[in-house]
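Each of the two complexes below includes subunit A, the first together with subunit B, the second together with subunit C.
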Partner chain A sequence: MTQLPIAFLDGVSACLRSAGTSMSGFHVYLMIFAIALPLIMALALAVSGKLPERMVKACAAIGFLVPGLSSLWLGAVYLASATDGGYMFTVLADLGLSSRFGIYLHLGLNGIALPFYMLAGLVGMAAGFYAIQSGVERLRLFLILLLVMQGGLMGVFSSVDVLFFYFFHEFALIPTFVMIAIWGRTGRKAVALEVTIYLTLGAMITLAGLIALYVFTGATEFSMTGMRAALWGSGFPHQGTLFGLLLIGFGILVSLFPFHTWAPRAYATAPAPVAMLHAGVLKKFGLYGLIQIAYPLLPQGAMEWGPLLLWLALGNLLVIGFVTMAQRDLKLMLGSASVMHMGYAFLGLYAYSTVGIGAAIMMLVAHGLSVALLFLLADVVEKRGGTADMSELGGMGTRTPVLMGLFPAAMMASVGLPGFANFWGELGIFVSLYASPTPWVLYLALLGIIISAVYGLRAVAKVFFGEAKGEIPDGDIKASEKWPALLLLAALFLIGLWPRLISDPVNEGVLQTFPDRAPVITAPAGEISLTE
Partner chain B sequence: METQSLQIITASNQWGALLPEIILGCFAVLILFVDLLMPNLRRQIPRLSILAQLLAAAVLYTGICANCERTGSEVLFGGLLAQNNASDWMRLFFLLGSICVTHIGSVFLSRQSLARVEFHHLVLVVTGAFMILVQSQHFILLFVSLETVTIGFYILVAYRRDSRASLEAGLKYLIMGAFSSGMLLFGVALLYGAASNPELPMAARHPLNFEDLGVFIAASNELFNNSTNLMVLFGAVLVLTGICFKIGVVPFQIWIPDVYQGAPTPVTSFLAVSSKAAGFFLLYLLLDGPFAALGYMTTPLLTVVAIATLLFGNIAALGQRNVKRIMGMSGVAHAGILLMGLLASLKVDWALLAVFFYLVTYALASFGVFEVMAHVADVDDSDQDMDRYNDLLKREPYLGGVLLVSLGSLAGIPPLAGFMAKLLIFIAAFQAGLYWILGVALAGVVISIYYYFGWMRSAVMDNPFLADQAPASIASPRFGARLLMGILAGLTIILGFYQGFFPF
Partner chain C sequence: MGDFGFLIGIIMVYWTFGTVSLGGLQELAHHSPDSVTTAMGLLLFCGVLGKSAQMPLHVWLPDAMAGPTPISALIHAATMVAAGVYFLGRTFFLFTGEALHIISWVGVVTALCAAIWAFGQRDIKKILAYSTLSQLGYMVAGFGMGSLYGLHHGDGHGAALYYGIGASMFHLTTHAFFKALLFLGSGSVIHACHHEQDIFEMGGLYKKMPLTTLTFAAGVIAIAGVPFIGAAFFSKDAILYVAKMTNFPAFLILTGTALLTALYMGRLFVIAFLGKPNSKSAEHAHESPWTIVLPLVVLAVCSVAGGYAGLYPERLGVLVQNWVPLAHGSDHTLMLVISAVASVVGLGLAGLVYGFGSKTDRVEDKAPPVYAFAKSKFYFDEIYNAYVAKVQDRLADFVSFLDTLFISGLLVKGTAAVAGLFGIGARRVHTGSVAAYVWWFFFGLLLFGAFAGGFLDGILQK
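For the complex of A and B:
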C-alpha cells in the first residue's frame, strides 16, 4: 500500500525532471510571460477604452492566473531537478547597457529565490481573484494597477540582475501608493503621502548602497552572480559602510524597528488586495535582498552590524509586540503584527548560520501566505460587520460559521501552531538562536510567541465570540471570497505537513550562496532538514 | 604671407557643414515673406516651419551618418567652429526640440489673438543660433550666437504684450540676461588681456580661440604660472557666471520662477529644455577645453554650486501651487543633477553620454508636460494652478496619461526613462567619487516625490472641494498633438527599458 504513492510520486518527479531538461526553451518563455503577461493585460485594459465588465474581469483573471500557474509549474520542475540550489531557467537579454555596465535583463531562479517566486505567484492569484470579485469603484483602473504590481512582483524574485531586481520592485511599489490614495480607508491621502516619501527614501538609500556595492566590487556584471564571482574568496574595504547603507535601506522597506512607523497604518488603510500583495510579498523584497546580496557579499559588514541588528530585531519583536496587543482596530492590529513578525526573520539573519538564514526564508514565505490570508479575512469581517473596530464587533461566530472556521485557523497559523508552515520557520530560528553565541536571545524570542498568541486569541474571541453586536446583512463568507482564502490556507497547510518542499531548495541555495563563509551549524536531531 | 593665410582660412570655410543652420535661416526669412505676400497660406506656417526643421534634421542626420567614422574635431572657418560627434548630436537635439516648441507654439497661438509668423520666425532663428553655439571654438562666435539666442528670447518671453505677467517676465529676463551677458563679456575681455600679454609664457596668438587659450592657461615657466594668474582666474569665473545665469543654477536662479510663469508656455519649454541644454554643453566645452587646467578651482566651486542647486531647487518647489513655477523650480533641481553629471564627466569618460541621455529624457518628459499644459491652459496661461488639473485623467484620458508618464519620468520612477537617466548619472558620480553631491541628490529625489506626486494626485483624483466650481475648459488634443504626445510618451517608456540607441 505504501509503495503505491511513492511510486506515483517517483513517476511524477521523473516526468518533471525530463520536462526540465527537454523543455528549457519553453521554461524561458514561461519566465518571461509570468512577468510580461500581467503587464500586457494591464496595457490592454488601459488602452481598450470601454469594455464590458465581464471582459475586463476575464482579462485580469488571465493576468493573475498565468503567473500563478507558471510559478507553480516552474517550482515543481525545479524541485524535481537536481540543481544543488543553483540557477535554473536562465534568461539573458541585452537591453543596451551590457558592454559598459554589464546590465542585462537576467532572470533565473535559485534555491533562495524559488520559494519567494512561488509565494508571489500564489498570493498574486489569491489577491487578484479577491480583487476581481470585490466590486470596488473604478474596477478597471484598480485591476490595471494590481496587474502592474503583480508583473513587478514576479520580476523582483526572478531577477538575477541587481538593477532589474530594484527596477521591478519600484514597478510593484508605485501602484501601491496610488491605490492607497484612491481606494484607501479614511485618512488615505495623508497615509499615501507618508508611505510614498518614506519608502522612496528607503528605496533611494538601497539604490545608493547597490551602486556603491557595484562600484566597489569592481564587478563587470551588475548581477548577483557577477558580483559574487568578482569577490570570490576576497574581501574588500568599506564593508561596514556598505552593509549599513543596505541594512537601513532594505530595513526601511521591510519595516525594521525604528523605521517601521509607515507600515501599520499603510496596511490598515490600503484596500485588502493591496495589503495582501504588499505585506505578503512585496515587503519581503528587503529581507530577500539582504539574504541574496548583502549577507553573502559583505560578511565582514554583517558581523560589524550584528549586535545592533539584534537589538533592532528584538525591538520589532517585543516593542511592536506590545503595541500590537494594544490595538483595537483589527486591520491595524494585523499591520502591527506583520511588522512584529519581521523581528523573527531578522533574528534568523542575526544568527547568521545556515539554519538561521534558511529558517528566516521559511518564516518569510509562511508569513507571506498567512498575512495575506489574514488581510483577506479581516476585509471580509469588516465588510460583514461594517467596521474593523474590535470593540464594536462580537458574536459573529454563530452567524458566519465558515468564516469562523477560517479566521482562527489563519490566526493560529500566524502564531506558529504546528501543522502550519510558520511553525517550521519559527522553530528553525529558535534552533539557530540557541546555537548562536548569544543563546539568551532565545528566551526573549520565545516571549514573542506568547505575545502573538495573546493578541491572536483575543482578536478571535472579540470578533467571533461573546455577545452578538450589530447586524450582518450579507451573511456568511461568499464562495468568491472563500476560494482565494482556501488556496492560501492549503498552501500553508501543505508546507506545514511537508516542509521539505521549501526547505530542500532553500537549504541547497543557502549552501551555494554562502560558500564556507557562514559557519554551518548542525541542527539537533529532528525532522527539520535544513542542513545536509 | 597675408594672402597665404587668407587662402588657408578661405579653404576652411566649408559652408556645406552649416547647411542645416542655413536651411533654418532661409526658411525663417521665407516665412516672413509668405506672411506678407500670400496671406491665405498663413494657417500653414507652423506646418511649413516643422517641415523646414525636419528637412534640416534630415540633412544633419545624413551628415552624422557620413561622418560616423570621424574621431576628434574638425576645425572650420579659420578656427571659429569645431564640429565633432558630440556637437552634431546636440544640433540634432536642438532641431528636434524646436519642432516640439513649434508645435506647442501653434497650440498656444491658436487660442491667442497675437501675431503668429514672428513667433515661428524667432524660434527658427534661435534654434539656428543654438546649433552654432554648441560648435563654437572661439569666444567671438560664442558671444555672437549667445546674444542671438538671448535677444530672441527677450522678444519671445514678452510675446504676450497684453499680459502683465508676460511683460514683467520679459523685463526681468531682459535685465538678468543683459547683466549675465555683461559678466560673460567682462570675463572674456579679462582672458583676452591676460592671454595676449607677451610677458607671460606661451602668450596666445589668437587669445580668444579655445585651443590657444587652453594652451596658454596650462602653460607655466619658472616665473609665472598662468593657471594661478589672478586675471585668468577672475576672467574664467566671470565667464562661468555668465553661463550659470543661463542654466539657472544657484545662486543665479532668481529669475527662473517669474520668467517661467510669465512667459508663454512654448517659450517656457524652450527655455527649460533647449536653453538649459545649450548652457550645459557650453559649460562642458569650456571646462573640458580652455579651462581644463583650472580644474583645481572650478571643480570645488561647481561642487558647492551643485549641492546648493539640488537643495534649493527641490525645497523651493515644495511650496509652489502654480505648475509653471513647479516646472521652473524642479528644472533648477534637474540642473543640479546635470551639473553633477558634468563634474563626473571630467573624470569618467562615458559620463558625458550619461549627461546627454539625461538631457534627452528630460527633454522628452518636459515637452510632454508642456504640451499638456498648452492644452489645459486658459487664455491667460500664466495662471495655472494645480487645481486646474483636477481629475484630468477622467476628463481627458489622453492628456492625463501623457502627463502622468512625463511627470513620472521627471520624478525618476521606474520603468520610465528618467529613472535610467538618473541611475546612470549616479553611477558616473559614484565612479568619479562625488559622494557629497550624490548624497544630496538622493535626498533631493525623495523631496521631489512630494511635489510631483501632488500634481499627479490632482490629475488622477477628483477633489470634492472643487466640485462646485465650473470645470476648466480644456482643449481636446487634435491628431497632430496626439501624435507628438504619443511619440514623446512612447519614447519615455521605451527608453526606460531599452537604452541600446545610445552607444554606452
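For the complex of A and C:
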C-alpha cells in the first residue's frame, strides 16, 4: 500500500540529487528568507505611509505565504534526500560574536527540528490568512505584530545556535503580550500582565540554565551541535542542577504542572490568530529545547529528575484533565485541554526511549496542528453565537452545517481518533510507557483518553446539538475561515494516514541526537515498528 | 471505556510477542503458549465488551436506536457489533482457559439479562436492540465455551480447536440475516404507522401489511429457533451443545434464555401485528412500496434457509460443516427436543400471556412487580448517570476549585502579593519628609561607625 508514495518520493529525490549541489545554495537562501521575509514585510508596513488596505493585506499575505511554502519545500527536499537524520541546509555566518563568545548565526534543520519547522510554516499560513480576513480593528498593527511573531517562529526551529534559538523565541513572544493587551477579550490587561511576568520568568530561568550549560560543557561554540561535540563521551558535574534549571525554565514555557495557570486564561483571552500561533507553535519551544538540548546533553540529570517529572506530567494529564471537564467557556476549555495534552508529551520524555521521545515529537506536531485548528473554529463559533460560554450555545448544528462538520472532526483529532496524526503520537507514548521502569503509569495515562473524550464530546454536544439557542445572524463558516481550517485538517489527516512523513525523519533524528546515551528501546523480534 | 483495556491489551501483546500482526501472533503463541496470560486475554476482551456491547458496557446499544432504522439494521445486524465477536475469532489463540471461563459467563449473563429487559420495553426498536444484546451474549458465550470444549474435550480431530469460532461465527451469520430482517421489517412498520414506534399503538397490521407481517414472522421464527425453519435453531443448537458439554449451569441459563427469546419475540409479534388496530396511525397503515418490501423478502428467505450449511458457498460451507460443533448420538435427539420445546413453548406462551392483540401490557396489569423488574434494566443507566453527575462532575469541579484556589491563587497570586508587600514596604520608607531622612541618615552613620569600630565582628563572622 505504501509502496506507491515511497516510490514517488524516490523519484523526486533522484531528481533533486541529480540537481546536485547547485540546489543547496538556493535552499540556504530559502532558510534565511523564511525568517527574514516576514520581518521585512513587518518593517515595510511599519514605516510606509498610508497604504490602501488591499496593499497591507497583500504584503502580509506574502509574509506568511513565503515561509509556509518554503518550510513545505524544504521538508519535501529533506524527506526526499537520503539523510541519516542529521543537519541539512546549514548556514553559518559570523556576526562578530564568534571570537569571544562562540556565537554564530547558525541555521539548519535536523530530523527533530524539521517537523516543528514545517508546523511553524503551516500554522503560520493558516493563522496569517485567518488574521488577514478577520477584520479586527487596527488591522495593520495587528498584522505587523503577527508577522514579527511568524519571523521569530521560523527562526526558533531552524536555529542551531542556542543564543539565536533563545533570541528568536523572545522575538516571537513579545508580540504575544502586546496583542493580548490590545486585542484580547474581557480582562485582557490583567491576563497580559500575568502572562508577561510568568513567561519572562520562565525565559530567564531557561537563559540562566543555557548559559550555565555552555560554561560547564567547555564548548567553544554556543550551539546545539557544538556543545554535543564537546561532551562526546565525557560526563560532567552539576548535571542535576543544570537539568533542573532547564526543566523548570522550559517547563514554565510549556505550562508544566504546576506552572500552568497562565496558559488557559492567556489562550482564552488572546485573539484567535495569536492563540493559534502561541498554543500551536511557540509553546512547543520548551519541549523542543528539552529534546534538542537538555536530554541529550544531560542524561544523568534527566534520570535524577525523572521521578518528579513523572508526577508533574501526571498532574498535567489528570488534574488539568478534570479541570478541563469543569470548564464552561469553550476557549478556556481548549486552553486547559492544551495544557493537559502537554502531559502526554512529558510522559513520552519521561519514558526516555527512542519510541517515547519520537512519539512525544509526533504528539507535539499533531497537537500543534489540532489546537490551532480548534482555536480557529472556536473563534468562529464565538463570532457566530456571540459568546463562547457553552451553556449559552446550543443547536448550532442545523444552522451551521459546515462548521458542524469541521469542529467535531477537529475535536476527534485532538482526542486521538485513529486516522488523525494525534493517534500515532499518543499510541507511541503509551507503547513506550509500558516498557518504562514504571509500567503502571500506562494505566493512569490511558485515563487521559477517557477524560479527553468526555470533555471533547460534551463540548460538541453542547455547542452543536440540543435546543437551538440564540440567533446566528452571520450564518455558516465563510470561505475565508474555511480554507485555513481545511489546510490544518488536511495536514492532520495526511499524517494520520501516512505517519512516516513525520516519523521517519524523527526516528533518524532521535537516533542521531541520542547516540548510545538514552536506553534505546528496539522493538523485540518481529516485523512491526512504531509506525507501520 | 472498552478501548481503555483493549489498548493496554494490544500494547501488552506488542511487548510480549513483538508484533501485532495476527498471522505472526498465531505462530508465536503456538510456539510459546506460556507467554499467553489470562490478563492479556481479559484486557483484549475489554474491547469486545465495548464493541459487542456486553455487560456492563451494554448501555450504548439501545440508546443508539435513536438513529435511522436502516442504520440500526446495518450496525446491529451485521457490521459493528459483530466486530467484537469477529475479533475473538481472529485472536482465539490468545485466551487461556480461565479467560475463556470468564468470557463465557459474561456472555451468558448478558444473554439472560438482556432477554429479561426486553419484556419491559414498548418501543419496537428497543425490543429488537435488547434482543441483539441477548444474541451477542449467546455468541460470546458460544465462543468461550466452544473454545473450552475444543481445549479440554476436543474429540481428537484438528477442527476441535476452532469450535469456539465455529459456534460464534455461525450464530453471527444467521443472526445477521434475521436481525437485519427484523430491523428493516420494523422500519417498514414504523414508516407505515407514521413514525409510531410503540407496539401498543400498533396492532392488526396483518390485514394492512400482509407481506411485512409474513416476512416479520419469518424473522421471529428464525430468532426463536423453531426446528428446521428457523436459522437460529441450528446455530443456537451448537452453542447450547458446547454449553452442555462444558458448563452445565450456563447450559440451563441459556436454554431458559432461548425460551425467553421466543416469548418476548412472540409478545412483540402478537401485539404489533395481530388483533385490532390500537391507534389511528395503525388504522391508516398500508403496505410499504416494493423498494422496502423486496429486501424483506430476500432476507426472509435467507433467515429460513441460513441454518443449512449446504447452502453456503464451498469455502464457507467447509467452515460451517467442520468447525461448528454438532451434537451426535443421544445428545443430538436431546438437543433437538430441548430447542423445539423452548421455541414452541415460548411462542405459545406469548399467545397465552399477551393474547392476540392488546392495547395494554397484560403482565404490567396483572403482575406489576414482574414488569417493573424487567423495566428497571437493573438500574445500569441510573448508576452510570449518578456516577457522571455525582462523582465525575463533582470531582472535576472540586479539582478545578483547588486549582484556582491553591495554584492560581495561593502560589501565583501569593508570590505576586509578597513582591507587592516589598514594594509597599519600600514605598513607606520614602515618605518625602526631610526629618525622617535625617533619622535614617543617623541610623546609617551609626551602623557604619559600629562596623568600622569592630563592634559587629562577632555577628558578621557567624
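Just a few scattered comments:
Throughout what follows, the second predicted complex is superposed on the first by the 504 of 532 C-alpha atoms of A that agree within 3 Å, B and C clash if a C-alpha of one lies under 4 Å from a C-alpha of the other, contacts with A are read in each partner's own complex, and residues count from 1 in each chain.
To be clear about the criterion, a contact is a pair of C-beta atoms (placed from the backbone, for glycine too) under 8 Å apart; a residue touches a chain by one contact, two chains touch by 3 or more.
Quick caveat, the model's predicted, so the values are computed rather than measured.
Superposition model on subunit A: subunit B and subunit C are shown accommodated side by side without a clash. Using the contact criterion defined above for the overlaid structures, shared-chain residue A:Thr261 touches subunit C, although it does not reach subunit B. Applying the stated contact rule after C-alpha superposition, one finds that A:Val319 touches subunit C and leaves subunit B untouched. With both structures placed on the common chain, the touch criterion links A:Tyr443 to subunit C but leaves subunit B unconnected.
In the overlay built on the shared chain, the residue A:Leu494 is in contact with neither subunit B nor subunit C.
With both structures placed on the common chain, the touch criterion links A:Val431 to subunit C but leaves subunit B unconnected.
If you stand at the C-alpha centre of subunit A, subunit B and subunit C are 150 degrees apart, rounded to the nearest 10.
Note on the superposed arrangement: subunit B and subunit C approach each other to a least C-alpha distance of 6 Å.
Across the two superposed structures, the residue set of subunit A contacted by subunit B and also by subunit C is 197.
Subunit A makes touch with subunit B in their complex at residues 46, 94-97, 99-101, 163, 166-168, 170-171, 174, 177-178, 181-182, 189, 192-193, 196-197, 200-201, 204-205, 207-208, 211-212, 214-215. By the touch rule above, subunit A contacts subunit C in their complex via residues 194, 197-198, 258, 260-261, 319-320, 322-323, 325-327, 427, 430-431, 434-435, 442-443, 446-447, 449-450, 454, 523-528. Contacts from subunit C toward subunit A in the complex involve residues 1, 3-4, 7-8, 11-12, 14-15, 17-21, 24, 392-393, 395-397, 399-400, 403, 407-408, 411-412, 416.
Contacts from subunit B toward subunit A in the complex involve residues 350, 401, 408, 413-415, 419, 423, 426-427, 430-431, 438-439, 442-443, 445-446, 449-450, 453, 457, 460-461, 497-502, 504.
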